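Note that chain A is present in both complexes that follow, paired respectively with chain B and with chain C.
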Partner chain A sequence: MTTPTTTDPVRSKKHTSPTSPSRPTGPDDTALAWARARAGGPLRVPAGTPAPAGMLRLPEPSGDVAWLVPQVPETADTRVLAELGLAGPLLEQPNDTARLLAAVLRCCWEDPLAVIWPGTSAGSAAVLAVFGELTGPRDEMAHRRSAVAALRRLDQAGWLLWDETGDTIRLGPRVALWSGSELTTLRQLWRSMPEPASLPGSAS
Partner chain B sequence: MVDDGRVQDVQGGLDDLAGEAAVLRVYRQAFAVLAREAEKMILSPQLLDVDEAILSAFAASGSDGLTEEQVRNACRAFPEATVSRRFEVLKGYGAVSKVFERPNERFYRAAFAPYIMLLFLRRIAERGGQSELHQLLSMEHESVSAPAATDADGRASVERLTQVFRLIANELSIMSLGADVAQLRENAQLLWGNEALISRAERVHATVLERWPALDRECQWMRAALAAYRDAIDAAAGRLIERAGTTRALGLLPAEEWRSFARTADTARLGAVLDTFVFDAPAPWFDPQVMTEAVETGGRPDTARMPPPRPAGDADAAGEPEAAAAVDQDGIRSAVEELLATREFIKIEDVLRVAPDWASARRVLAQLTAAHLDPALPYTLTWDEGLDVAESASPAWVTPGRLTRDQEAS
Partner chain C sequence: MTSIFEPVLADLGERQRDEILAAFAAVEQSPEPVPEAVAAGLRDATLRRSVAELLHLIGRTLVRAGPGTWTSGYRDDIAARLTADGGNPLPLADRAVLTLVLIHSVAIPRTEGTLSGDSWVEGTPTPIEELQRRTQLPRGELRQSLGRLRAAGLVRVVPARLRPGTVPQNTAYLPGPQFHRLTEAARRRLQEELILAAGPDTPLAAAIRRRRGPGPDGETGGDADHEKRMQ
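Up next, the complex of A and B:
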């Protein structure tokens, strides 16, 4: 797996998109953007692109690109699946993946009172150190293997951005979908986790 | 089919009596399949299967009819006592009768009415009688629209429909008042939600009222029955919806309703149904609550899985196969040592050819292979290329190889 911009066909097509930044978004563009997001997750678009209806526009800190994240109303999101008794998308190793996301949250969300997006980037060593604290003592190889697997899963789903060559990790655009009450829960979780700087081996 | 014997009141007297007798006969035949014994109703659906088997045996028999023994033979999948009891019941109701009415007649024939009744019963059991009701309404409409129809036909038709709708409305409103919601949902689906039913009945009503204005009293009764049915539907629906709350209980409407909606609605309307059903991209969603739980259960070393406690008796059972394996190991070791004696290796082909017959050669080979495969035993079996053929020898062909005793282990 390489960087997300080259693996994801939807994201990689961003510059060939016929949508011109100046034109207001029509219904066709909206439908197209939703279909793309449905197939490939959050979309990476040039910074000036207006957000189609129902999508959240998240500018990158660098300023030249932005993310479009589909934001469905609360009455239509994944909670409905649970209400209907349907299974959501299958996630392998759900507990380890959730723990790794928590670790990334601890490392990349510097001030939990600030907005969660875009956060800062963290070295993978720090994330792995926090992850190791969360999972408990484990064989070094097993630890690394499960961490990398979880990183890939989360990167693919847009929950985090993993720059594999630069060895840095950031929160992905999907984290902006957490609601206010959910963020409160996450703040509590954030405080319960150890600070990466205090851990041995976290220096990247 | 009960209507077939409708009393013709053109001629009185004996004709009337004959007509009534005919109605009674068909009625008794039709209900024979419901009777367990004379004057009693059937209670278990298995008996209906027996009846069906008996009637299909008659259907297959041709014009000669069947003897009772032949019927029993044809229905041998069922207990014989049950079959002959059912046969007696069918005979008692006239559903099965002698081919010729004479003493010592052995051949019987079956009437068709009971089988049609069975078909109706099965369909009603499956679909709750709704499609029968639709068919009945179509038939009634046809009969009152026929040019030859008289006002008596119209009156009978309207009276029948009034009764049908009164019965349904009563059942439904009693259920919507008293029954629990689960029961209501189960039964109500088959009874309610039929705008089509009501509008068909209204069409019959309109036809009758237009052709025979004198029947306005009967038509009024029918209007009242229809209104009662509609009220009962509303009450039941109201109770169900109130209990269903905000959950998307798709079972609230009968499946036919969804199916016909899917067929008849235009694209925009069909799409509007799913307006609130757009899901996020097919990626996993992380609920913070779930994340917190995962983190909390993570770091604890004591969450490592412990083997479940075993009952004390299990220890013996677990020990036994191990002991057996050890004995086996010793047996193999001694057998191989016997073959090896003081040598460090032996040739397979020599050992096998020395064996007195094929069976013992096979046993030796099995022991050598077992010795090689057992990691606890210090023997290695290596096979060479090729095939050693000897026409007169006991195993006619042998692949050469050697069994070596491992130095470091011995």
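Up next, the complex of A and C:
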């Protein structure tokens, strides 16, 4: 499975890439779009912007913007590192970060037989309740602090979209790249996790 | 969807394709430079040329990090366009802390003549106490910044060098493995930016400005542009 990494530098969510909908996409524009995605995560562009070569175009449900996500062949993804005996990227607080992503997956992928992206929004209370089940009992302050830190890391890396003002969370466009076999594993994980509605404190 | 890499890979056999793609993935994803011994696509000069062609298609280039080790970085022309709008993905505090590490670990030793070469990865470790003394950030924020920079491979932790007659220090920092990703031109530009920032009135700074010529490109793109050329 593609490891969630927070090594990507912070992406500016408010900023929409200046790629014009009508501009023809030449080799250097394609190279620049890939480089922008490498530097700042998935590109947020006006709806109707053509996808540069090799990039997946994911329209937002609202219809006015879309995400562009680079897609490499499966034989060239991060799994290669393990096959070659190389270390993977360093992850801050790997356990809490992975558990929080799992909690978001459980809350925002309502039907695990449906496509994973865009999924639905979930209130942060539901996500924190599932996260609490996965981490086990903790002091309330420590629980909240570790959840917020993990939310921030995953949001900055494009694995989830956190609307801090609206206090809602969604899966990020990167999850659309997970392959069929990865989704099979994730469905099993999904079924093993507690249903958000069954947990106390899950309602906002 | 057809892969962006098809123009390079179309006429090759399956084994060659796999070796090229594995080497491509290794240099792009590995936090450290990749020894060519572990990937046939880097060992073999013909396959390595194809790896470089794949990287070129997506704005990247193959960088030799040392004898027999390889990584990837941004193409110089693409890095210039990426940083042209002054955008920078790192928070301001992280940029400040990283600049302190670069100055104390590499720039000062290089100026003093104790460090040669143009690498930004080797140098004199900067003790945490030095960072605490020089930064205007509260200790908690400095620690968080260092945590993020470390996870991003922009700094690394090393045992502090013991100086005779001093109390052993806890932790010290050097620039991280991402600095291997700088091309020769990017390494030179980083050095020039630090000279322009630290000694704008020196003859060396004047020579740099003269060589770059007038216009927006000749004025400097900011002293922290280099982060975008890494990762």
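One rule holds in what follows: the second predicted complex is superposed on the first by the 183 of 204 C-alpha atoms of A that agree within 3 Å, B and C clash if a C-alpha of one lies under 4 Å from a C-alpha of the other, contacts with A are read in each partner's own complex, and residues count from 1 in each chain.
To be clear about the criterion, a contact is a pair of C-beta atoms (placed from the backbone, for glycine too) under 8 Å apart; a residue touches a chain by one contact, two chains touch by 3 or more.
Just so it is clear, the structure is predicted and the values come from calculations on it, not from any experiment.
In the superposition on chain A, A:L189 makes contact with chain B only, not with chain C. By the touch criterion defined above, A:D77 reaches both chain B and chain C. By the touch criterion defined above, A:A39 reaches both chain B and chain C.
With both structures placed on the common chain, the touch criterion links A:L91 to chain B and to chain C. When the two structures are aligned on the shared chain, A:P59 is found in touch with neither chain B nor chain C. Of the two partner chains, neither chain B nor chain C is touched by A:G166.
Applying the stated contact rule after C-alpha superposition, one finds that A:E133 touches chain B and leaves chain C untouched. Residues 34, 38-40, 70, 72-73, 75-78, 80-81, 83-84, 88-89, 91 of chain A lie in contact with chain B in one complex and with chain C in the other. On chain C, the positions that touch chain A within their shared complex are 1, 3-5, 17-18, 21-22, 24-26, 28-32, 34, 38-39, 56-60, 74-75, 77-79, 81-82, 87, 89-91, 147-148, 150-153, 227-228, 231.
The residues of chain B lying in touch with chain A in their complex are 247-248, 276-292, 294-301. Residue ranges on chain A touching chain C, taken from their complex, read 6-12, 15, 27-28, 30-32, 34-36, 38-40, 53-54, 56, 70-73, 75-78, 80-81, 83-92. On the chain A side of its complex with chain B, the touching residues are 34, 37-42, 70, 72-73, 75-78, 80-81, 83-84, 88-89, 91, 94-99, 101-102, 133-137, 153, 156-159, 174, 177-178, 182-183, 185-186, 188-189, 192-193.
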